[in-house]
Amino acid sequence: MSEMKKIFKQGPIDPAFVGESIAKHQSKTAIGAHAIFLGQVRADVKEQGQVAWIDYTAYEEMAEKKVHEIREAAFDTWPLTCMHIYHSLGAVKAGEISFFVFVSSPHRDAAFEALRHIVDRIKAEVPIWGREVLDDGREVWKENQ
Amino acid sequence: MSEMKKIFKQGPIDPAFVGESIAKHQSKTAIGAHAIFLGQVRADVKEQGQVAWIDYTAYEEMAEKKVHEIREAAFDTWPLTCMHIYHSLGAVKAGEISFFVFVSSPHRDAAFEALRHIVDRIKAEVPIWGREVLDDGREVWKENQ
Amino acid sequence: METTTITIIAFGMATRIFGDSSISMSHVNDTDTLRNVLNERFPALVEVPFVLAVNQELSLGNQPIPPGAEIAIMPPYSGG
Amino acid sequence: METTTITIIAFGMATRIFGDSSISMSHVNDTDTLRNVLNERFPALVEVPFVLAVNQELSLGNQPIPPGAEIAIMPPYSGG
């Protein structure tokens, strides 16, 4: 698990892609538990208007290094069988999916713990930015807590 | 959310069904986070042989009541937008999916916490039994910890 | 009379001993009495850990059994 | 000479002030000095909270800047 995997996808993540990713694991019969996180763009109502879509950009090379580091640390911490991480670049409309983390392990505790940990670390540590575009065309830079 | 939802499906849960369930949430633009658990049948090696498939049975009416109770308690505890729970009955082969829990909320903490709680409660409190059938045809009754 | 009987159903490994279909038996007053009756009639049940549900309610400790009740013999669950 | 310059790129809300493309400037020795130079040249940057990355390594506190380095101006992340 030390090759660098591509994490960025142009535009939203298709729910059918999630289904296909799950299907690919049916030959891995040591897996007992899959835990999946999907980030969906919310039509938040701001002072200035409602979010219509988010335009994502990233410091791509640094982001991929950082995700690789987070991935390796998770494999060192929990007995995981598989891990897949994808994030959108470019425009993702409200209701569409921009972030997909998929963790598999023989038993569920490891999958639950690793999933939450990975999602939290990616949000805090990976250089990705979302520009929220409001229904009137104005824009607001999103900030993670 | 007080109507009783069907939870049992005959045979394995199709990964494409998971994809379709996700797609149905794209009109719900208050959702920011989906958390999904999938239980997959492991080809465990037992003293007597390797698990080829599990035959699931349930005390169906009691199970549906119990799941309903768990669902309502979760909606009372966390600010959830949606919750979907499915479990297989009958034969599910190693590598196939027998259990699908899908929780959605505006923010991720509620989705993570609710998902884990619901999965743990269902495993502990819902009357479902799995008969593990080994590759030589012998069988072992599974027991949750 | 229908109301003086109870229905017993078994699940999981209890089906090996007890069979798959439900049986009807004379009403007994509580779950402790029922356990004794079952153990006498199905001696191999002694080796099966189980709890009873009375009309789909888990019965912990000794519980009264209403006439006409449906009683389930439930070994440890293994769903998920 | 190429090795006496550094490249600056900006992300997120910093692109509003700084523009989208990278700029080249004379090498400075450390990140504190660079912050002063940037604030002078782009006064509106004062209103943007940001950290710097030096050759894709997050720089906390004052860090030396090697000649030829790529420096990123990074406001708070908002991925996920």
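Order of writing sets the labels: A, B, C and D. Residues in every chain begin at 1.
Here, a residue touches a chain if its C-beta (ideal position, glycine included) is under 8 Å from a C-beta of that chain, and two chains touch if they have at least 3 such contacts.
These numbers were taken from a predicted model, which means no experiment stands behind them.
Asks: Looking at C-alpha means, what's the farthest chain from chain A?
Replies: Between chain A and the rest, the longest centre separation is with C.
Asks: What's the distance between the Cα centroids of chain A and chain D, rounded to whole Å?
Replies: Using C-alpha averages as centres, the distance is 27 Å.
Asks: Quick one: chain A and chain C, Cα centre-to-centre, how many Å?
Replies: Whole-Å distance between the two chain centres: 49.
Asks: In whole angstrom, how far does the Cα centroid of chain C sit from the Cα centroid of chain D?
Replies: About 73 Å, centre to centre.
Asks: Scan chain B for residues touching two or more other chains and write them down.
Replies: 39, 119, in rising order.
Asks: By the touch definition up top, name every chain pair that qualifies.
Replies: A-B, A-D, B-C
Asks: Can you check the complex and tell me which residues of chain D touch chain A?
Replies: It is residues 9, 11-13, 53, 56, 72, 74-80 of chain D that touch chain A.
Asks: Hey, which residues of chain A end up touching chain D in the complex?
Replies: For this pair, the touching residues of chain A are 39, 56-59, 61-63, 65, 87, 98-99, 119, 122-131, 141-144.
Asks: Would you tell me which residues of chain A are touching chain B in their complex?
Replies: Touching chain B: residues 15-20, 22-23, 25-43, 94-97, 104, 106, 108, 111-112, 115-116, 119 of chain A.
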